[in-house]
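Every chain is named by a letter (A, B, C and D) in the order it is written, and numbering of its residues begins at 1.
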Amino acid sequence: MAKKLWGGRFSKKTDPLVEEFTKSIDVDYKLAKHDIMASLIHTKILAKAGLISCPEAKIIYNGLVDIKKKLDSGKFIFDKNAEDIHTAMQNELEKKIGNIALKLHTARSRNEQVVFDIKRYCIFEGSNIDKLIEDFVRQVEGMANSNKDVILPGYTHMQHAQPIEFKYYILAYAHMLKRDSCRLNDALKRLTYPLGSGALAGTSIVGKLYNEAAQKVYKGMQHPFFKVVENTIDNNSDRDFVIEILNTLAILAMHLSRMAEDFIIWSTQEFGFIEIDDAFCTGSSLMPQKKNPDVLELIRGYTGEIYGNLVSVLTMMKGLPLTYNRDMQLDKKPLFSSVKIIKDELIILTKLIKSVKINKLNIEKQLNDESLYATDLAFYLATKKVPFREAHEIVGRMIKDSLTLNIKIKDMNDRELKTYSHFINKQVIRNIFNPKVSVNSKKSFSKRNLPIKIEVCQE
Amino acid sequence: MAKKLWGGRFSKKTDPLVEEFTKSIDVDYKLAKHDIMASLIHTKILAKAGLISCPEAKIIYNGLVDIKKKLDSGKFIFDKNAEDIHTAMQNELEKKIGNIALKLHTARSRNEQVVFDIKRYCIFEGSNIDKLIEDFVRQVEGMANSNKDVILPGYTHMQHAQPIEFKYYILAYAHMLKRDSCRLNDALKRLTYPLGSGALAGTSIVGKLYNEAAQKVYKGMQHPFFKVVENTIDNNSDRDFVIEILNTLAILAMHLSRMAEDFIIWSTQEFGFIEIDDAFCTGSSLMPQKKNPDVLELIRGYTGEIYGNLVSVLTMMKGLPLTYNRDMQLDKKPLFSSVKIIKDELIILTKLIKSVKINKLNIEKQLNDESLYATDLAFYLATKKVPFREAHEIVGRMIKDSLTLNIKIKDMNDRELKTYSHFINKQVIRNIFNPKVSVNSKKSFSKRNLPIKIEVCQE
Amino acid sequence: MAKKLWGGRFSKKTDPLVEEFTKSIDVDYKLAKHDIMASLIHTKILAKAGLISCPEAKIIYNGLVDIKKKLDSGKFIFDKNAEDIHTAMQNELEKKIGNIALKLHTARSRNEQVVFDIKRYCIFEGSNIDKLIEDFVRQVEGMANSNKDVILPGYTHMQHAQPIEFKYYILAYAHMLKRDSCRLNDALKRLTYPLGSGALAGTSIVGKLYNEAAQKVYKGMQHPFFKVVENTIDNNSDRDFVIEILNTLAILAMHLSRMAEDFIIWSTQEFGFIEIDDAFCTGSSLMPQKKNPDVLELIRGYTGEIYGNLVSVLTMMKGLPLTYNRDMQLDKKPLFSSVKIIKDELIILTKLIKSVKINKLNIEKQLNDESLYATDLAFYLATKKVPFREAHEIVGRMIKDSLTLNIKIKDMNDRELKTYSHFINKQVIRNIFNPKVSVNSKKSFSKRNLPIKIEVCQE
Amino acid sequence: MAKKLWGGRFSKKTDPLVEEFTKSIDVDYKLAKHDIMASLIHTKILAKAGLISCPEAKIIYNGLVDIKKKLDSGKFIFDKNAEDIHTAMQNELEKKIGNIALKLHTARSRNEQVVFDIKRYCIFEGSNIDKLIEDFVRQVEGMANSNKDVILPGYTHMQHAQPIEFKYYILAYAHMLKRDSCRLNDALKRLTYPLGSGALAGTSIVGKLYNEAAQKVYKGMQHPFFKVVENTIDNNSDRDFVIEILNTLAILAMHLSRMAEDFIIWSTQEFGFIEIDDAFCTGSSLMPQKKNPDVLELIRGYTGEIYGNLVSVLTMMKGLPLTYNRDMQLDKKPLFSSVKIIKDELIILTKLIKSVKINKLNIEKQLNDESLYATDLAFYLATKKVPFREAHEIVGRMIKDSLTLNIKIKDMNDRELKTYSHFINKQVIRNIFNPKVSVNSKKSFSKRNLPIKIEVCQE
């Protein structure tokens, strides 16, 4: 294993199994660029505090910038033997600039570095996800716009309920994702960047110098995330933000799983409401005819991993005494996993939506189901001052008779219709049993006529 | 079973097993007062829209107010045979005012009523929990204030790390709970009260009238929660807010589980840092000497139920097609459970904290552990321009030798000390190996000198 | 609060809040009959060991039997102020037989009593569930038998795959439940009844006498569950069996959720494969026509609570030091909840299945989909020595052309068909594109011709 | 992307994003050797059934054996562009033996291949874990043997309860793991190897031949896992075994988390009961003195990931209609993750246990706590026919007085002692307040004198 950031107190070498079991470089190498940023800021503070000299600071700073460039170019090779990313970066710097690198470790601990790194990761990826949500919402709006005139049966309990404009139905998903964006931004706004927390107690002896310098440096960065840590013990033992983001992504994943389910059902042979493009389906090695909506199934299925990631970190944090415990190292794998899945899902679903073809014919066939207009008929009776529960009873009976006698309500004659209520006749039925009329009757609701554009949360 | 709000279409009676299995009155009776409020507002809107006459509205309104009074008095007896609370309230009204009650069902569906009821429940209980958090934070501050001079060993990995002021340590919990309060308020601010959504499609025919009237009524209520529903499909199929609150409570429970763990460990015979009052402990039926911190153990253990409640609703919502599905009825039991547990825990823990006695003697004994000052010694060397990683190495060696040779560092003579570094001698050790000095050295950090008062989130 | 089983050591009364928070009688009163059984056996052992006299034993035994009778009659009123069921039962006995009841507490602790009670509960309810599984499996077989000739499209990815006999499809659920029964019995066989464990260390001083007596008493009971505890520490701190049963029920619930999903989809207007009896559906307060499969939705939704219960106990047990901790009291609510839900679901689903009507016409319509026979055609080519992957390619192309040119394969002429392969002609297509032929071709598999009877696990 | 096992029916290329999102080779490459085994058996069956000729079978068989050799040597390079491991293996074979390889795809589907592969993986790794449990149990027994004479305070509620032999305490963990082994073997015995299931319906046309041949081949393998599939639909849609194993590993992880917690607490400065070897600890980059039990903390923390994995697969399977859905592809990552963690934990903990040093002095100090003998004193009174609850009361009072008056019970004189009970005097106290006596008094329990050897489950 590569050089460690500790060891003087130990009289025995670490067991190789232990090194393998405890190291986190395989996971946390993804934090490299954030770790470098922490070191750059830390260097500035050390210099401003007079804890390192100006020339020393310059050497360290330039060394770090060099590493950053290599990272950005994608050519950096991580030392997979290092204990963690902090050690890997520190060792790299030592290789580059020699012993001066050792001074970088003044007044800091990996316990705070890792908090800085993950928080900055959250802010970066949070903002990426936010942009992908925006794209998704726009695409859903596009779908709504291109199918303005489509009316489809609305469902409750998966049974025909009332006619619904397709655009109104599909926009429900845009509203869900909009809430997800708000929730995400609320989580991100709670993040502050901590430096100077030390292992748990703050940086001692040099503390005053360090912290005064930090405040000046932070000011220069003009970024709301750079705030002075109020309680270093809380700071180093806190992983709330990981859980809050994992939960936000869990709700988001749940939303996408519902859209996936709707689309999967709509693309069955029996529904046939939509067709998903060949480019977004896969086949079977046995059955030559198969065209499967695998993408949608995986989106539904990944909900499992995303829920599991949330449970993972919640469980890990349960009952941990203060402050830092090594258990907390295990917050990263679940976080990275949920972030990756959600990003992939948003990108691919946005593209898939664009390709979906609506089969109007199949949808219209379902609109012939008279039960879809039962509620409208009851509402009509209510406007004639029939108490609603009575109207409900009357129409319920009509539906039952229609099914039992196997006769359509539209085909009943005036005499038959009057037996239910003298407000009902063939003309009334003809007017009401009509998808356009049904849908328009609810358009009055002012918000329903708004343009399809949905504002994504701006805090 | 009592009268139902539907039935005309059915030619067979519901199987009694089905009635038993599907009814929710055993759980949702808790929503009674919120359901009455929904009906009161709905009555106002119906009247303003001219969908019921003014005299009718008055009769309905007064009938509802009567029921509300009985509810408030605690004397209301719920009809446990009713399908759900909405049916129970409707039936009660019919018993009171006869057939006019039927008109209340104009232009509404239980699908939206239940959303209204749960959201109002969340706002009520959310605000209750917020007050309990405030009490808790104040009590923690009180504990901090009464033990201003206590210094205790800080821990990482449950091993002695550095001396910490007790007040600073305990206030970390106040910071956590403060974040919980912010998170809760963020969740609550997202709630809007929906009426007029109907089953999924909005209220038809009478929709325009209803919604215009609703907007006027809402304006009169001058409450941010009363907003026009943007998308009725989204509204009726949304349970995000339940999950978000359950997650907020899960994080809160996790915080309390950590405090419980700290206190349980501190009150072991071996630590003996605190003593919990007899009034907050229980004994054993077998072992006469036992005085057990059961309250703290249950607080730790209830984390399980609270996590389980979150998983329950997340699982239930996974992959549900739009809009309302009966599965969603199962959101209430987990929500009510987590709310009750958290309220109980906050009340009892606030009271328990007040009773805790700090055993200074046992704590001070631990401060003799020289390893607590190792970091300060390394910092001291760093101020002498020894690169920190070298300083770390030196002090590590001192600790190792002290353990191996079984000699305290304080008892080493100047000659021995100089072998480690010429900056170290008996006087230096005497100065640095001192809890007060150690703690004061970090006090410089401006925020550390702030009064103990912590602002609880105000949005 | 009622009298406690401890208290001598305490100089202050328990805070009423603490009594309320820690007591478990509201949940564990369900264990009453098992607790009496524990006391009856314990009495026998004490008498046989000479720790109480024979006349004393008789008085205690008769007192317990009296309580048991009252319990069985359903007339027993639980003292809701008692700390737990063990205390409630003990107090009741004291009321009945006076001070002699105090002797019952010799050599036992609530820590072991509660383990005995829950294990006996598991064995009772486990066996009840097993019987309900048996009923369910028989009902599924009945459904299979009554629809022997129905062929329906089999699905993968919810897309038409290959024709399947309905009986074979539905029996898959019987196989799943059969595995659940085996899993449950495996869990139950691991249970042993512990008495004599004391709080953690076994019963001291009187231990030898007690344990020798216990072995004799157990022998007399001739029940495999009565075994000597091998390690009392393990015994009192073990809740594995609760988790194992909760997981078994979670898998079972998952199976039922899949059947519910299948049935919900099949009873949509668009599929229309089955009709669920009116007695098993409910309606809507707004929409008069609605007939919703609420029972199935709730079965699907309850999966959430059942998964949550599992997570609850897993979380609670995580990281608990040995031996008994009060957290473990919280194992019962989740266990009782999952047991009740599963029993209800099995009873109601068994009854619902009986009422389901198969709509053969709608199913047959779907069998006209030619893609269902694509695999059979490819298999046919394979028997002609066309490598299977080439055959797959050929048939895939036929399907594509059929869709693009909007012509059924059955309507292609011999010339057209030969362009794909000289093994294909109209006669071949006519033979192969036939549900009965397709299904019979796989009947050869010996097991497929077995009678429909499925053996439920017998260990 | 590499060649696929399907495609004829598609008129468009798969979107590269979709290929990336749906492919599983990054995860399922671990199944390679099991996939080859499936193909080897399948080849035998095809040959025996006359579906391929003998010379063809030989070419295929030899090709597969060549691939297997390369896999075993560790030199095989996986084609990361392949869709999954089945495709990768098939393509590799084609590269090796050309078009004949296509015949291997006769009468099989990836849906059954993947079930075969995972089941065989479970059997392999299950048996590996079983061996590691055996090692662990032996090591715990070794620890018990080397510390036969150590007595330590037993705890309930983390408070001193009664003296316990260390060996008896630590063996509790061996008993837990023994149960885990039994549970694991129960899960494994339920596994049967399925071939001939096809995609869902069994293999058609050639079915009879295939299945008769399969039965002969299976017979030759004389392995209980090779059984005829009873229901192919159930077989292809079943992932119970993954969940059952994940739950078994979750319970195991919970056990290890408890041992970790015990060891972490015991190695605090305040307890000081054990010392973990330097080789199994790590240090701090800031604090030179730190020696942290990171391995134990990670073992405790990984419980989170392992619980999360279980939740992941349970969630994924919830409400899936039959038969195969692509969601089910996501069963492998959680399974592989839990298996790897558990194996690592068992290996490292077994080694760590060996290195643990018991600090008898610190333990003995705690045995001076008189409260540990309170129960023994109460038992003593019970043998004098004092009803146990009265004895409990008496001793409780003694403890209270001792604490209040700050006098040890051992230091009370005969007169003082008699005020509690005339059965108590200095000699009695001296006899009873003795760890050895206390422990020996419970030794009578026959099982307690058994040798330390624990039988690991043999089914």
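Following the convention adopted for this analysis, contacts are C-beta pairs under 8 Å (C-beta built on N, C-alpha and C of every residue); 3 or more make two chains touch, one makes a residue touch a chain.
Note that the structure is a prediction, hence the values are computed from the model and not measured.
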What's the fewest number of moves from chain A to chain C, given that each move must go to a chain touching the current one? 1
Out of B-C and C-D, which chain pair has the most contact pairs? C-D
When the C-alpha atoms of chain B and chain C are each averaged to a single point, how far apart are the two points in Å? 32
So the centre of each chain is just the mean of its C-alpha atoms; given that, what is the distance between chain C and chain D in Å? 23
Touching two or more other chains in chain B are residues 5-11, 105, 111, 156-158, 161-162, 198-199, 265, 283-292, 294, 297, 300, 303, 307, 310-311, 314-315, 317-319, 325-326, 375, 392-396, 399
Could you list, by residue number, the parts of chain C that touch chain A in their complex? 153, 156-162, 264-265, 267-271, 283-294, 297, 311, 314-315, 318-319, 366, 369, 371-372, 374-375, 377-378, 391-396, 398-399
Spell out the residues on chain A that touch chain D in their complex, using ranges where they run on. 4-15, 17-18, 20-22, 83, 86, 105, 108-111, 198-199, 277-292, 294-295, 297-298, 300-305, 307-317, 325-330, 333-334, 344, 347-348, 351
Which of the residues in chain A come into contact with chain B in the complex? 5-11, 51, 99-100, 102-103, 105-107, 111, 154-158, 161-164, 168-169, 171-172, 175-176, 179, 182-183, 186, 190, 196, 198-209, 211-212, 215, 228-234, 236-238, 240, 243-244, 247, 250-251, 254, 257-258, 260-262, 265, 300, 303, 307, 310-311, 314-315, 317-326, 375-376, 379-380, 382-383, 387-390, 392-397, 399-400, 404, 438, 441-448, 450
